[in-house]
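In what follows, chain A forms one complex with chain B and a second complex with chain C.
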Partner chain A sequence: MTQQDAHTPRMGFFTDTSVCIGCKACEVACKEWNAVPTKGMDLLGTSYDNTGGLGADTWRHVAFVEQPVPVPDAAGSAQGADGMRWLMASDVCKHCTHAACLDVCPTGALFRTEYGTVVVQEDVCNGCGYCVPACPYGVIERRESDGRAFKCTLCYDRLGEGLEPACAKACPTDSIQFGELDELRERADLRLANLLDAGESDARLYGRDPDDGVGGDGAFFLLLDEPEVYGLPPDPVVTTRDLPSMWKHAGVAALTVAAGVAASFLGRRS
Partner chain B sequence: MAECHPVGFQWVMEAKARGATVIHVDPRFTRTSALADRHVPIRAGADIAFLGGLINHVLTGGLDFREYVVAYTNAGAVLREDFVDTEDLDGLFSGYDPDGRHYDTTSWQYEDAQAAPAAGDRDQWSQEDTESHGAESIKASAGGQRYGSGGAALANKPQIDETLQHPRCVYQVLKRHFARYTPELVEQVCGVPVADFLAVADAITRNSGRDRTTAWVYSVGWTQHTVGVQYIRCASILQTLLGNIGRPGGGILALRGHASIQGSTDIPTLFDLLPGYIPMPQAHQHEDLDAFVAADSGQTGFWGNMRSYAVSLLKAYWGDAATRQNDFCFDYLPRITGDHGTYQTVVDQIAGKVKGYFLTGENPAVGSANGRMQRLGMANLDWLVVRDLTLVESATFWRNAPEIETGELSTDRIGTEVFFLPAAAHTEKSGSFTNTQRLLQWHRKATEPAGDARSDLWFYFHLGRIVRDKLAGSTDERDRPVLDLAWDYPTEGALAEPSADAVLAEISGRDAAGRPLDAYTQLRDDGSTACGCWIYCGVYADGVNQADRRKSRTEQSWVAPEWGWAWPANRRIIYNRASADPDGNPWSERKRYVWWDAGQGRWLGADVPDFEPTKPPDYLPPEGATAQDALSGTDPFIMQTDGKAWLFAPAGLADGPFPAHYEPVESPVDNLVYGQRTNPVRESFPEPANRYHPFGTDVFPYVFTTYRLTEHHTAGGMSRALARLSELQPGMFCEVSPALAEERGLRHMEWATVVTARAAIEARVFVTERLRPLRIGDRVVHQVGLPYHWGVDGITTGDSANDLLAAVLDPNVHIQESKAATCDIRPGRRPRGPDLRALVASYRRRGRVDDEDRPEE
Partner chain C sequence: MSKRGERAMVPDAEFRSYYGRPILKEPAWKTPDVPAYLFLGGLAGASASSAALADVTGRPALRRIGRLVAAGAASASVGALVHDLGVPTRFLNMLRVVKPTSPLSVGSWVLAPFSGLTAGVAAAELTGRLPRLARLAGLAAGALGPVMCTYTSVLLADTATPAWHEAYRELPFLFAGGALTSGAGATLLAAPVDQCAPARRMGWVGTGLELAASAVMERSHGITSEPYRTGRVGRLLRVGQGLTVAGGVLSALGRRRRWVSAVAGAAYLAGGACMRFGVFDAGRVSARDPKYVVVPQRERLNGSR
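Then we have the complex of A and B:
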């Protein structure tokens, strides 16, 4: 990631899915503030989720996962697979430390802000779409109606005015928390410890680790189950991770080819 | 709560984070269940059995908060010898008249005493007569019941046995009444396994007492039943036994269906109440003010001052025109002559008895039970005024009602002239919201309303102004009530918007010199005070809008008395004298709230004490004392005649002094608790358009319940016109368990048709484990879940679940039973055109719904 302003700490989201009530206020607030168009009136039948996933027209997306689980009896021990739970989680662009979308953007439309977030500049994007396959989370997408790529800006315009992002502002249960990333990580560690103490043995942080495949996320999560359950990749890797060595190999290959070509010419001459 | 009150649910989540246990009892697994520590699936319509089981658990285990119960409740009151409980009458109480289908409540009284209910139609309990008011009068008012014993002179105290051993004392009768509500019975009736029930019972009893309190929160899942009031009574009994009333962290919290529904009960849009729960006068019974207030049976307790409240209200209405000589214009008040509630009105519309109708922010074509009956009624008016944010179905039925497609109605034959007048949204006007804890919070206009949209305040003020202009100069006596009104609100801005602040100031009250009043104790019955709603008196104290206060909770005590304003007198917890023991000391340090300071000789606390500030705990009323002076220093429930919480209600209810489990009118199972199957005094409308399913039919074998989704608002007027909300729940669906789907051949995301004797609607099928079949007695009961947001208008459209329901009401408050009824469900879309009614007709034939000799519903 590029050098930040020494005076501006990196800002991000901590989304604590254990207190998400699936109200979708984040989805609505995001669309209202950012003037994101509606996707259409499609009843999907995937529990109470009718937006399907993140994309050009959905920058916050609440997943609903219905799971059979054992019901604890009065004494608290599991009776068998008789009950269920309903996981809800508000997904968003991860604002990766190592952001492949930004790496591949040929126009400079994608840039890293002074808050350490990753933003697309609508007026610069030319719609080439290189960023779309580059994202290891499948977040960024081109809008069909105009071809340009869109995603969460972490409400860059609000941050400049000292406001928190619209989704965090609207979240009634503080499932979406906005703040300095270092502080959010501390808060998340504490919350995780409390949940593990309370017996939520599958609880985990996702995107919290600066040593993971994307160098940690600027928007990270507390999950109550495996990431795959929520439709998140278990071990995301920045797709441009191998680019430097690829270029090196490509360079060697190119030199080899060039040498061969030269040799052939030389051979002809002889 | 998470589904319909997500913003309020943040505090449940905060309590959970601090260690609270959250239990959710609901037929479906909802977004609330998802966040609760425990979800208890229950059969819709069986909650009294569940709550009764908890009461029995408390009583048989001796787990009640005995000191609280002895001191603050009527547990020791001795009942009359002729009171007979459901135990001995197989589900009926003494006094039942099977011909009139009502109760004579005389035998429910205390021995040697009479009691009046704390609010609503109080004077019914002093009527001399039973002759002149037939069964019809039962339905006529909020009290809903007459009381055939004479005189208003009531002894305030019953005979009390503090040992609670007298066989006819309330405690013993209560114990016997609920003895049959065992955990096994709960399992049989509710489908809740014994172990789950005991886990809940254990959790709430462990969490109640001196050091701990438990709160119950309910919504329309409790109220919309033919026994809805008794659901709440049942919770009240439980909470009172556990000492959870009047104490921090306790209580029974009603989550209302819309913002400020509490406010529209306090300053009512109800036909039978005036502001502050003063009953609406009745024709013939209340010829003058003396007759109106003399009948006030609350001669002890704060209702003993009702004349002051009523006169101050009349002064607010008619100002200088209201004088002692003209009875403060009491004759100007309209009188009620029977049931003028919404469902009776619709029946009367169909019968051609109603000419005009105002709908203000209400969409009965979608939102009320039996939508077809609603639409047939509206199609039979002379005129209809609809004020709403968008063109809702109740404004467009004349061109697109489902009955036009079926051929029952046609636009050119509907004579109703419809006036649609766009309304301003809450962001476009100033005013107050009153929430469930009686807290008033002011909001200010953020922007001017667009186009022709206007606030309701604007509409009614200018409508009144124009009517008065038209009547000006009239010498007709009947125009005096309108012409004499104090109708002089200042207006502001280009739209001439009346000042909402001025209205609030009038509600709060003034003395003769025009100075703002501080509290309702200043109200007088001599015409020297004017107050638009006595319980709101003081909301404009010192000439300041107290509801507009916004001091942060970090800058004041934890009770936060300077955030908004709560009625009465800014008390955040009502009846909080009960948070201290009889001597005035806190029950525990952990639950310290309000206490008696002997040194200062007054009550102190973080909250405003809900008690006379200097009445000591050892105060005993002198002989002949009235109003609050008649209550002792240990009577916390100061609105009650006897100052006590009523485990047994000797007056005020139409359907019994105790709750008893009755089945919903439409239920697939018999009553496993009593021989009496349903509430015997429910209010029915057996019109052709409103037929009920006869009991025992297998044509409608499934239970259905209706509900809301977070993404939409009630009948959709505030959400189906908005794309960003509509896309989140873009279509009508029904929720069924995998077992029911298999039984009926329903497939996920395909269509199903749900049929009752009223209607057939279609919905996409959601097969989900969130609904589960329950074992009730010896059979399996399946439940179908139906959101009710859709209609024919808006961005997302669909069939209306409320079309399926029949209107059948609670006899006390006229609320319809819309949370439990029966239906059939079949795969595929519903027929179109006249075939739709043919399908319903075929079900009616098979179910013998219209037979003369049909079994009783």
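Then we have the complex of A and C:
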């Protein structure tokens, strides 16, 4: 599905949530660089998260999860008083290998760039909204004030100038790493091995596997708990995987209609 | 987890989520635009096919009704589609590429010639001009008709919306049945009873298809079938099925009485509309609650281990 120019490797993000400090610099840098409008002041009552999730006006979103955990006592056993741990994670468009938004777009406004990323051409989008329910991650959204669909472009304009995306540039802990996808995957494997060695047994990579339901993500993550805890689907599948079967069923149903109408007209006249 | 005192059909599923927030985006499509577009497309498709067969078998009254309804419903469905766009003036961008992976692209390329043909045929029917060309165009529209009836089911199924995607095998037959009953309904409403025999049969075929498809759809997908059975959507779909069955029964009773036949037609049309609105809203319900994403995907992951 992705035809890569031999000279342009596929670029992406590796977001290592284990070093995210929840500063939201990525959210701010993204808004500033891409001139993404504000949704207005909104207090959600969900920890430090007041944006809630990705959408037309939020292309980076930092999740805050407060989890009760046992605190190890001096002897190192886990019977101590109840403690709390923070999970923080900066979410972004996954730039899927098999991107449903791109598949279902009827105008060709969504396209795959030379970097293997998925971008909306705003001068072509007619706001049909089909990409919105097609995305298995709930990323892309129609901006009601504008009518068109918007999402992360992986800073397509910056990439052309040899710059890294604004969020990665602003991230103070390198939780967001930008680079060639192959290299990021190697780096992520190493980091995961280190964390598992250190006893972080729930650490896992999300979207790294090229054989998953979306053919692997161009933007993948290291998580410290199950994906749904961060608001991510545990096993997303590109809807168009079943499209040939859908057309077949619709074809048989259409023939059934034709046969039904024909049979109705063949019978007695009154 | 239990909501508003509704009777639980299955025990509430245990699942983890991020503050219970939705994972998926609800479809951006508006009500009534898109459910109306689904309903009108089916009505237009079945009417065009029925008009073509009425023409070939020498039933001028049914031909006339079929042609006029097809043209009216097709142009109204184009109107609903354009009205739903975020940027309606860019409607023609739908026709700048042909994309088999996009059911909306395929649909646009079916809807555009179909609405043009049906409009031309209706104009010929009203003016009585160019009858041979009208017959040819009517046959072409009649051939596209069944596609009009079912492609909209792929439009819904080809999304990550759980209730729509999981039902991709049944939705085409449900919409096919709904199109047949709607087409029959329009004829029963408008035609003299002594000419309604084909419409009555069409309605019965459609009723059978619709009931069979919904019975399978509402039971075979575990938790993902739940939005079709419960809450407001479940009630709407029940009412729709009741109206459709009433249409079938009344059409049989109304063989000699015009008004009974007309009530049957109205019941069919109302039933078809309820079904489309219900299916549309079931999708929205399933996108809104993360349980319909997390629970089936977790089951899949655990099953493959």
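Assume the second predicted complex is superposed on the first by the 247 of 270 C-alpha atoms of A that agree within 3 Å, B and C clash if a C-alpha of one lies under 4 Å from a C-alpha of the other, contacts with A are read in each partner's own complex, and residues count from 1 in each chain.
Everything that follows uses one rule, which is that contacts are C-beta pairs under 8 Å (C-beta built on N, C-alpha and C of every residue); 3 or more make two chains touch, one makes a residue touch a chain.
On a predicted model such as this, the values are computed, not experimentally measured, just so you know.
By the touch criterion defined above, A:Tyr48 lies against chain B but remains apart from chain C after alignment on the C-alpha atoms of chain A.
When the two structures are aligned on the shared chain, A:Thr17 is found in touch with neither chain B nor chain C. For chain A, the partner with contacts to more residues, out of chain B and chain C, is C. In the superposition on chain A, contact of A:Asn34 is made with neither chain B nor chain C.
Applying the stated contact rule after C-alpha superposition, one finds that A:Thr239 touches chain C and leaves chain B untouched.
Considering their complex, residues 15-19, 21-29, 45-46, 49-50, 53-54, 57, 59, 84-88, 90-91, 93-94, 96-97, 99, 101-105, 108, 145-147, 149-151, 153-154, 157-161, 164-165, 168-169, 172-173, 175-176, 179-180, 183, 194-195, 197-199, 201-202, 205-206, 209, 283, 287, 290, 293-294, 297-298, 300-301 of chain C touch chain A. The touching residues of chain A, when paired with chain B in their complex, are 19, 21-25, 27-28, 31-32, 38-43, 45, 47-48, 50-51, 66, 68, 73-74, 83-88, 172-174. For chain A in complex with chain C, the residues that touch the partner chain are 44, 46, 49, 52-53, 55, 63, 65, 100, 103-109, 124-130, 132-142, 146-149, 226, 228-236, 239-240, 242-243, 245-247, 249-258, 260-265, 267-270.
By the touch criterion stated above, chain B contacts chain A in their complex at residues 2, 6-7, 9-10, 13, 17, 29, 31-35, 39, 195-196, 198-199, 202, 709-711, 723-731, 733, 748-749, 764, 766, 768-770, 795-796.
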